[in-house]
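Chain nomenclature is as follows: A, B, C and D, assigned in order of appearance, with residue numbering initiated at 1 for each chain independently.
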Amino acid sequence: MSNANQQAVARYKNNFLKEVEERVEEGHWVKMCMQCGVCAGSCPLGPAWEHTPQKIFMMIRAGKRDEVLQSDSMWMCTSCYNCIARCPRKLPITHIMHGLANYAHRLGIAPKGQPTREFAVMFWKNLTKRGRTNELMLTLSLYFANGIGPGIQTAMNMQKIGLGMVLAGRLNPMEIFGGHSVKDLKGFHAVLAKAKEIEDRKKGFAA
Amino acid sequence: MTASIATGQTILVVGGGISGMTAALEAAECGKQVILVEKTPTLGGRTAQLYRYFPKMCHPTCGLEINLKRIKGNPNVRVMTMTEVTAVAGSRGNYAVTLKVAPRYVNENCTACGDCGKAVTSEVADTYNYGDGKTGAKVKAAYLPHAMAYPQRYVIDPSIAGTAEGEAAKAACKYGAVDLGMKDENVQLNVGAVVWATGWRPYDANKIQPYGYDRYANVITSVEFERLADPHGPTGGKILRPGDGKEAKDIAFIQCAGSRDENHLRHCSRICCMASLKQTQYVREAYGDAGKSTIYYIDIRAIDRFEDFYQMVQKDATVSFVKSKVARIAENKENGNPVLHGVDTEGYHRYATEHDLVVLAVGMEPEVTGVKLPDDIVLDSSNFIEGSKDGGMIGAGAASSPLDVNRAVQSATAASLKAIQVIHKTASTEAA
Amino acid sequence: MAKKEYAFYPGCSSQAKSSAANYLTSVTAMCDKLDIKLTEIPDWNCCGASIGYAEGGELPRLAINARNFALAEQHLPGQDIVATCAACWLGARESKERLDHTAQLMQETNEALAAAGLKYEGKVKVRHMVEVLIEDLGYDAIKAPVVKPLEGLKIAGYVGCQTNRPFGIDGESFENPKYLDKFIEVLGGEPLEKYEQKVACCGGALAFSEPEKSQKQIRDIVESALDHKAELIVTPCPLCQANVEVYQSEINRKHGTNFAVPVVYYSQLMAVAYGSSAKDAGLNGQLIRTEALEKIANK
Amino acid sequence: MADIKYAAYICSGCGIGDKMNVAGLEKVAKTEGKMAVIKNHPFLCNAEGVQMIRDDIANDGVTHLCIAACSRRSKAEAFSFPTVAVSRANLREGVLWVVAEGADHDEVRQEMAEDYVRMGCAEVKKMKLPEGNPNKGDAQNKRIMVVGGGMSGMTAALAAAEAGYEAVLVEKTGALGGFASKLWKRVPFSSPYAEPQATGVEEMVAKVTGNAKIKVHLNTTVAETGGAPGRFTVKLAQESGAVSDETVGAIVQASGFTPYDMAKLPELGGGQANVVDQAGLEALAKTANGGAIKRADGKEVKSVVFVQCAGQRDETGTHLSYCSGHCCATSIKQAMYFKDANPDVDTVVMYTDLRVPGMGEDFYRSAQQKGVIFTKGKASKVSGGDSCKVDFTDLILDEQTSIDADLVVLATGQVANAGVNLDAWTEVNTAAEGGNEEAKVQRTEMKTISVLNLNYRQGPDVPQFKHGFADSHFICFPYETRRTGIYAAGPTRRPMDMLQATEDATGAALKAIQAVENASQGRAAHPRAWDLSFPSARLEGCTQCKRCTVECPFGAIDEDEKRFPVFNEQRCRRCGTCMGACPVRVISFENYSCDTVGMQIKAVNVPDEDEEKPRILVLACENDAYPALDMAGVQRLTYSAYVRAIPVRCLGSVNTIWITDALNGGYDGVMMMGCKKGDDYQCHFVKGSEMASYRMSKIGDTLKQMGIESERVVTHEVAITDNARVAKLIDDYVAELDKLGPSPMKGFG
């Protein structure tokens, strides 16, 4: 993984903006920011950010590669789209944040143990397994992510809810044995594999 | 009214604001025949609704007085108020123009004695004081638009024209000036050149949803603030906020309210920074050191010697600057104060600041109500007028670009000469 | 009036015994009364949701959404895709816009789809159920079937994020959308128009990973509803519904509050107002039961 | 001239007849006003009333008439009788609407009205119908001289020519084009505002040289300018030393600007290798001719930093304190030069406030689209050399940092080429005239930078406004020059970009055309546009005190060898400052003179002290104070009926004789109301109210000799919006005078 990072560093030398434009989803928008800061003030999770979006764009232009990619700011995004709705330059900020997170993640330099990062990975694995999310497995795997002990602890705390959901017919204990799935799983996986292959080729992650 | 007096040597100026008056007068004082049409009942336009000008803090009515004196004394200018251009046919040097004159219900016999106003009781929105906006100001339905209105003649609001109120106004007039039988009148004119000085209008603040102009009483626009600060305004110059009539002493000015924003106006309106800097001095004028102004901005655009004014305001201890586009406004339910949320981007400082009153520095967009532009007029990406392809029609002042008063007059003077060139060429080709 | 037919995209959470199963139940009842025919897209797959970005990346997310489009175009030609889940609608519509506007992505995506013998033509439209109700039927049509008006019921319309931004419902403001209030009004209830948290984010995407942060959002949403004396919160979004309902007990446990505000779907309000039983309206699916609605339903 | 016949027309409309005894007014007009014809009418301004007056003029030989009705500001069109002398007695706004209602005010109201009738009659008897400048015959030249052959100058010349006027274009270098010809490209003037455009200089030069109406003088400067609008005589000096003469009617000064000298900015690398100003970058771009831009040392530029506001917006007093307006857009354009040639060149624009108003925002976006990086930061130090370095504070990231670059461009400002600063000049010149040899040398030195070399009494160039620019002081009137017939245009008037400069030049050309038209008709120019009156002086009474020549705000009056004033009517703006200045009162206008006002003052009926009715004379500037008094009436605000107001053209025209006459005549006080003075002066005749208060400060001794308290003469700055305030000022002053008691002069009048 980290050799993908070294290759990227070598390829773009000190032109981080160019790297972002070519490799990050919607990255070509970064240059259009005019530093008004409306995104920073619009984010519900704002107070949890170390760097606001507009500041991250400035850091990208200033070539602060490590600080940006290792920041956990992007991982605070709740996908509420307030920033996109208000940006006077119509930057797709939410997607750029997602793109940066994804790129950092793929390079393997995103913050270790960042909970959202880990959840996102689980979620994707969960949904790609059968083509549809398995909410029970998702929940359980999350609780047990940090090992059996704490897992049981969290599970105990949440079991009332879990049980409630079951009673309300909104969580199915049987899903542990499979649950919902697309029928043409083979085709679905083929599509995914192909898409990933193209994307990796494009973004320099080709194995 | 006959069109015979107008010829291919006549210049038509559309819009009676400072740009239109300037374009008309400069040509007339060169000896040209000019017809000046204005859609409202009086000349003066938007500048007549300002309290003071930046950077001199002088009064717009001072210049208006001079321009009106020029008009009264110049036989070459014919003024038609309550008149709109409904059609323009023909081409450079030879236009056939159709005008629609709306009924004023008061004829030239009016001496502005005011008896009709005394006779009626019903009221209408006082548009001079932005009564159709947050000031809520009202006037009698028989009124003189303002103290310097020209023509100095009353207006009867159409809403009472056919009513007993209208009759009462008629009965009260000793001079037979009230004529409730007036109808729309169409006038045909031939002119050689047309100057479009149709001006600007404040961007509709209701559209800027995060700032809640439509939801919070104490969020107003910069043009409304001018009326609040003006001794001739609805509050007699006291800065009373609409929500509860309380004196507003801690005032926030939000720049780029609509401007520099692809969700609204893509252009920069040029005047707003200076307007807000000026308005901070209204706050000082009203409260001295007890007042407080905060300007939320992206870039302060105080071009050329206006920079002096910016530097002066920066030294004013009652004024502070925050480099931030405010994200949203909420309302403190207890006291009705607007609360501004955002981030100061110089460094990184999150704020949630309460103020007594918020003034949105709304942008300029071309005035379109009552303006029907001919098809061969070329517009820019924000619909400002670049002129007609054949050069026979010229944009002037704020109709041609977002301009401050001084530059609008400069633009109108240039437009005036361009119009003169058009009729000169027509004359010389006809002669040849 | 002729039946209106749509290619239905229920999404993972609306499946049987999933977190929004009761949404599906009530939608079925609602559509039945409104003469709307929903045909499920055969073998549809997950939209990837917003959170899918981190591992999924761009093209895989586009591809799985395009798969649904291709299936709809193939099996239900001429029908618009209708999603009930905010995330599904958003994920799908975003993918569609990006594909339709970027030739390269379109080409790459179809290259991927080809692996399953599918092709996305770029024809099908992607819409949210609320759009269908407002644009294809209109408020009068929504009012028409009302037999049990929700009299005197104070309801906070909580729109949330993803049905509102970045696309939202045509003609509605991002900051102050009014359609839920209008729904409540035509159904005979009392909308709380000044409810401030209308468009606040529930922190859904972070519910698992950053519980403290997302539960802070939920607290504000519920508190403000109570300030306005709301008996109910109504929402168009399954994530909002689940989060705001599910975590109230958790918040009570942590902060000693005693929240118990029922959170329902607009479709449940309609089903009840249209005379469906509490069961058909999916009211038995509530973690926080709503006696008020059940009473009306059982009238 | 035909026999004189006086008539008074009294209107009883608008309630005048109800509140006043019109018969009484008629009696005053007859017995005291000595009017031959006296008529009253219930509605004088309507068609019938006006016709009655016209008939009397046509059939009854009426030559002078006093209209006693509303204010002179009302019904101006109805009461316009261009063939006769007209005075207006303001019975409506001046009496009816401002005197308190009710019977107990009937007496004072009537007295006030009668006085205004007396004043109107007295005034008109001293008035002559202005017939325009009798010397207009010598002012028929309508050619426009344009000084400066740059973009502004060429535009002005073409604009005049295309309107049918001959133009004389004077350029000091060997070619037309000016600064614009040094540019690779210019910023866009019209939609879509996305790309730099060809300057179009060549096309314009071709148009100018190809235009039969334009005569071009290259390598030429203006050696001397004399005369006045319609008859300027100009000596042109060729580089060769040859001198030629031109006669022109008006002048457009488009002498352009000089970039602020980089050498004054060592801290920003000024003078070091690979640090250039914007002009320097244009030169490099021209050489590159669309290809890769290379530095002086031939190295291809791979990274460039533009430092905005270099030596501008300076608050330390060392450099330019103003903003030159165009530099942000210019740097954006220049950054595009690099990006268009090679997108991989790093281009950083370092700014504190990016100032691209209007559609400039599109140009800004276009640059970002091309990958130009904008950094909000303040450069503290630039070092040149093979690898330049810019130390700066990043205002967004809040850190001290630096960038390396192959080239640094300093956005320095525009310095006006506006010639000699007259304030400095006057000082030196007075010393020189006093015989100071050093000053004489200094004066000759100063003149070398003069643009126009005017032989005017008040100095060789047009007065400057701020920061050395030859701008107008007025927001509503950007072309309100202080040298009639001479109009500055382009960056010499105000810092500006090329688009604004060409528009400015077009406007200036119009004003020049207007000036020659007015001069040829013997009419005044703005703000008393079309005024046909003109000043005449009885020189036999003149004491050669030079006050008029010194105090004329427009440098209209020169001196002949015997030190007598020489009036250049075409330069005159009819403000009357000279009339106010003249200690022996030999200067007057036909319809405005020491007598037209003096006789009004004398006509007022001043009660004896036992009547306890004080009289206060108000002399009000007709542009601001008088309208304020009027509008107080329009708004039905009341003030004391003891005042008698007389509008004056300008407080500068107030002659102290009026004050002393009034006080001698038993008035209890005199109020003078004029415009704001000082740096932000509002007086359209520049120093009117300043002059007035200066003269009043001198009047103290005279008052002492007369045994009159100084409080009996006051001056106020009054704005046109001061409706309520004027009313209060008057009432407060009446109260103050009441405490002071009646004037000691009463009864001696």
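Points worth noting:
To be clear about the criterion, a residue touches a chain if its C-beta (ideal position, glycine included) is under 8 Å from a C-beta of that chain, and two chains touch if they have at least 3 such contacts.
Worth saying up front: this structure is predicted, and the values here are computed from it rather than measured.
The chain with its Cα centre farthest from the Cα centre of chain B is A.
Counting C-beta pairs in contact across A-B and across A-C gives the higher total for A-C.
Chain-level centrality, scored on Cα centres against the all-protein Cα centre, points to B. Mean C-alpha positions place chain C and chain D at a centre distance of 67 Å. Centre-to-centre spacing of chain A and chain B amounts to 51 Å, using the average Cα coordinate of each chain.
Inter-chain centre distance (chain B to chain D, centres taken as mean C-alpha positions): 24 Å. For chain B, residues that reach two or more other chains under the stated contact definition are 210, 260, 323, 328, 345, 348.
Counting partners per residue, chain D has 376, 396 as the residues that reach two or more other chains.
The multi-chain contact residues of chain A, meaning those touching 2 or more other chains, are 34-35, 54-55, 82, 86, 89. Looking at which chains touch one another, you get A-B, A-C, A-D, B-C, B-D. By the touch criterion stated above, chain D contacts chain B in their complex at residues 13-15, 43, 45-46, 70, 74-77, 159, 162-164, 190-193, 313, 315, 321-325, 351, 353-362, 376, 395-396, 398, 466-467, 469, 471, 474-479, 494-496, 500, 503-504, 506-507, 509-511, 513-514, 517-518, 526-527, 529-530, 623-624, 627, 631, 634-635, 676, 680, 682, 684, 719-721, 723-724.
Chain C makes touch with chain A in their complex at residues 12-13, 15-22, 43-46, 48-60, 62-64, 67, 108-109, 111-118, 161-162, 164-166, 174, 200-201, 203-206, 208-210, 213-214, 217, 246-247, 249-250, 253, 284-287. Every residue of chain B that touches chain D in the complex is listed here, in rising order: 18, 25-26, 29-31, 53, 56-67, 70, 72-74, 109, 111-113, 144, 147-148, 152, 174-175, 230-232, 260, 266-270, 299-308, 311, 323, 345-348, 379-382, 384, 386, 401-403, 405-407, 409-411, 413-414, 416-418, 420-421, 424-425, 428.
Against chain A, the residues of chain B that register as touching in their complex are 210, 256, 260-264, 298, 323-328, 341-345, 348, 350. Chain contact summary for the complex, chain A toward chain C: residues 25, 44-45, 48, 76-82, 84-86, 94, 98-99, 101-102, 105-106, 115-121, 123-125, 127, 131-133, 135, 139, 142, 157-158, 160-161, 164-165, 168-172, 174-175, 180, 182-184, 186-188, 190-196, 198-199, 202-203.
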